[in-house]
Amino acid sequence: MGITTADFTAALETFADRIRDAREELTALDSAIGDADHGINMDRGMTAVREHLPTLRDGQAGALFKQVGRTLISTVGGASGPLYGTFFLRLGTALGEAEDVSPADVARGLRAGLDGIVGLGKANLDDKTMVDAMTPAVEALEAGAEADFATALAAAADAAAAGRDRITPLVARKGRASYLGERSAGHQDPGATSATILFEALRDQLGRAG
Amino acid sequence: MGITTADFTAALETFADRIRDAREELTALDSAIGDADHGINMDRGMTAVREHLPTLRDGQAGALFKQVGRTLISTVGGASGPLYGTFFLRLGTALGEAEDVSPADVARGLRAGLDGIVGLGKANLDDKTMVDAMTPAVEALEAGAEADFATALAAAADAAAAGRDRITPLVARKGRASYLGERSAGHQDPGATSATILFEALRDQLGRAG
Amino acid sequence: MKKLINLPDNVVDEALAGVALAHADLVRVESPNIVVRKDAPRQGKVGVISGGGSGHEPMHGGFVGRGMLDAACPGAVFTSPVPDQMLAATQAVNGGAGVLHIVKNYTGDIMNFELAAELARAEGIDVEAVVIADDVAVKDSLYTAGRRGVGGTVLAEKIVGAAAEEGADLATVKALCEKVQDNVRSMGMALTSCTVPAAGKPTFDIGDDEMEIGIGIHGEPGRERRKLAPADEITEALATPILDDLPFQSGDRVLAFVNGMGGTPLLELYVVYRKLAEILDGRGVTIARNLVGNYITSLEMAGCSITLLKLDDELIRLWDAPVNTPALRWGV
Amino acid sequence: MKKLINLPDNVVDEALAGVALAHADLVRVESPNIVVRKDAPRQGKVGVISGGGSGHEPMHGGFVGRGMLDAACPGAVFTSPVPDQMLAATQAVNGGAGVLHIVKNYTGDIMNFELAAELARAEGIDVEAVVIADDVAVKDSLYTAGRRGVGGTVLAEKIVGAAAEEGADLATVKALCEKVQDNVRSMGMALTSCTVPAAGKPTFDIGDDEMEIGIGIHGEPGRERRKLAPADEITEALATPILDDLPFQSGDRVLAFVNGMGGTPLLELYVVYRKLAEILDGRGVTIARNLVGNYITSLEMAGCSITLLKLDDELIRLWDAPVNTPALRWGV
């Protein structure tokens, strides 16, 4: 049997909890190369998402993620609102009406979400954005999801963290950090950091399932 | 022979020098119970006065002090401008055309100047203003000027300093310090401090003469 | 000291040069540092002038123009101007109908304006003076310097200027200014101090969790230091003494003026205004007119003041009358 | 953090409540946090809306009213608003002639406005958008987020609003906004940082002898940190890159806009204006119009920005056209 909507709900709750815990850290990172609001933005959004979860837990995974996406778009603002919002909207659309979600479906769905972010934000690899954390994570999942979902999820989380750290020395070319030019080099990207938190939450909650 | 205009000019130069030296101190005192400008105001005024001194040195003492008063009124502003300005105007008027100024004339002149300040500012003793330093100083001079000018000038300077310190614990009833109510207690009054500097300058320069 | 200035001693002169360049359509700047309405003197019109230390911008220079002041006399920062300035301004705006001096109640301002008035009268100019003393933080007393002139001054200059523009005579204009003074009350507070350019350091030190209640407009400490509080509490702390002092009563119509001290964002002033409106509503006092912004400041000080003026139809009409100055403009 | 606020999360809502109370004659505030011109929608008139994070007051809410914006969408402090706001504002001001979105060039603003525009178009509303990107501190490039939208936005909103008020159609209004964008350039600097209420501490630390050159309007550090310099030098450092970028040439007429970042006294802004006028005069550039004050701010940040707009008769006429908003008012 596959991954249940309850599993996804648990993962979203964990993501919300950890964003709350990382609120100050994410905002501090954004202070250095942005406008000091990424933690505040993500926490505002995930707090709103949390309120919807109870009513969505028993439905379809597709409906769950679409609602999460709409909620983030309507509450976060900034760059991360539309980006994360589109990510979850596309994920939900990819899962569609499916009652039974397989690890391969999850990998396909996350790829669709990532494509949505890239389509909207036009960021390339090495532009120093969340895309640099998400891309290797999704690739790791695509590679191993069917063989061993738990292991693939762990690899994905590690890949996200590696991507997050790999771009720290780079000069940002997208988002607010790009306004700093050379000064953005050497600072960890807030969005890549929140994206890594997302994949860690998926690892810790979906690993048991599937 | 009496006190020459050159003696008075020297005293004014000394006053100007010491106001310059005390500029920060006077401003700091005014920061505590006023608006942080007494040193700046007095220095601006005495700097303007200093420019006139060379041309006035050889004339009458009365003309010298009248010009000093007019200059202070036109350059100082604030409360101290009209007050010190009137003080010197009245002093100059009292000395009049006299070519030869006696210690008694000086005492009478300073009394006239003090009366001018009180008439304009309406301050009573213990209101915590320059009047509390000048009043005992003028009295000391009136008491001893004819007997021994140098000693009387020294007594006047000491009386001014004593008056300045005596009112430090008091609550101000005139000037900006009065707005602070009880909070003005325990702070040294800027104007009483500059007035003491004036009488010390008179002591150090006129003591030799007369 | 971090300021956009050159030499501290030149800041007032350089700023006035900037004002002259930016607002040549409304004012001219003349020696000795007076800001004069471009078309002054206007024959037969009562001239209205004011002045005080610099550092309160836009007051007073920003209020020179049609329907408000005919001239302003800016002194050194926080230092009342010298009589030469008020005399020159009085001469520059005298159109034969006399000149009103609007003087804020500070020892220095009073004395310097008085000396100028005497000199002007000696030249045969008809000069009257009205002293604004609206700060309820200071207890009114015959034995002290009395209350400070603060936010009420801005409202007096607008209303009196409108009457003079309409052709009211000197006695009427003076009586009107006294009427404003009798019906206006203010109180202010500070979150931070400010730095007088020539002094180079903040006038007072204050902790991160402290505020000064009952300040004036010269960067001086207030009547008392309190623990920092939420905006709603602060608004209560300012509004209550004002309301009780006049007193303002149920049924009264007022002009509610929330003023920033210079370093407080507009966003916060509206937070204060919201609470003030709630308080007045609770007391049955109607806000008929309002003004929110930085109009009488203490350099970069963070904080605010509240001013309430009890209105009647005459004051409302004169407040609404056309005004065209650098800082206040409507009806034109 | 020393601010006149209650709960940091409530500051925007409470300030908007204050705006609604203070300016009920000009605007109304509706859910989800939009400031709408009181008489909107006006049939047959092109609607002009803008929006962005809060903390830049008076922009944008202070520019809603006759002759300028029909609606403004304030987001959380320094955070672009959400599409729901722009959709609601677009619906509220649509008088059948279409709606122009004036968008400052920030990734978040662009994306949120685009999402709203799609939703509005899906409802059959004719929506066009123009992106303002006037900050010369950022090199323009296809591979980056490009230049920020700063001071030029204020001028675009005034000029475009005047054309819409005159009845220009959507295509004309859009073309005019692009014309302003093509002819306006800005650059800013900071003496201090500012504190986002929800963050609770200053966005960056800076030494007493340092300044940030090339900042935006979100309290972020600038392109480079330099030693503090006199106002004249700072004015040169901002004006030169602006003049060379367009470039502005001898014989050009410009609107010179000296803007305060929120915590800098007006006195200092006029010191900067004085030097700017001298620099332009030296280059043979004529200041035909000017604006000096705090119009696009970063909370309580101390600093300033300079904006130059190359003018022609059309732009001058539209700049002079009547405007009646909380923050800009003339000709009415």
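Letters A, B, C and D mark the chains as written, and numbering starts fresh at 1 in each.
Everything that follows uses one rule, which is that a contact is a pair of C-beta atoms (placed from the backbone, for glycine too) under 8 Å apart; a residue touches a chain by one contact, two chains touch by 3 or more.
Since this is a predicted model, take the numbers as computed values, not measurements.
With steps allowed only between chains in touch, the distance from chain A over to chain C comes to 2. Touching chain A and chain D together: no chain. Annotation: 32 Å between the Cα-based centres of chain B and chain C. The distance from the centre of chain C to the centre of chain D, each centre being the mean of the chain's C-alpha atoms, comes to 29 Å. Inter-chain spacing, taken between the CA centroids of chain A and chain B, is 75 Å. Rounded to a whole number, the gap between the C-alpha centres of chain B and chain D is 55 angstrom.
The set of chain D residues that touch two or more partner chains comprises 77. Counting only residues that touch two or more partner chains, chain B has none. Taken together, the touching pairs link the chains end to end in a line with two free ends. Contacting chain pairs in the structure are A-D, B-C, C-D. Of all residues in chain C, only 1-7, 11-12, 14-19, 21-22, 54-55, 57-58, 62, 77, 191-192, 208, 211, 228, 230-232, 234, 262-274, 277, 287, 290, 292, 294, 297, 299-300, 302-304, 329-332 touch chain D in the complex they form. By the touch criterion stated above, chain B contacts chain C in their complex at residues 27, 31-37, 40-41, 44, 73-83, 120-121, 173-176, 178-181, 183.
Residues 53, 75-84, 106-108, 111-112, 115, 137-139, 143-145, 148, 196, 198-199, 203-204, 216, 218-221, 223-224 of chain D touch chain A in their complex.
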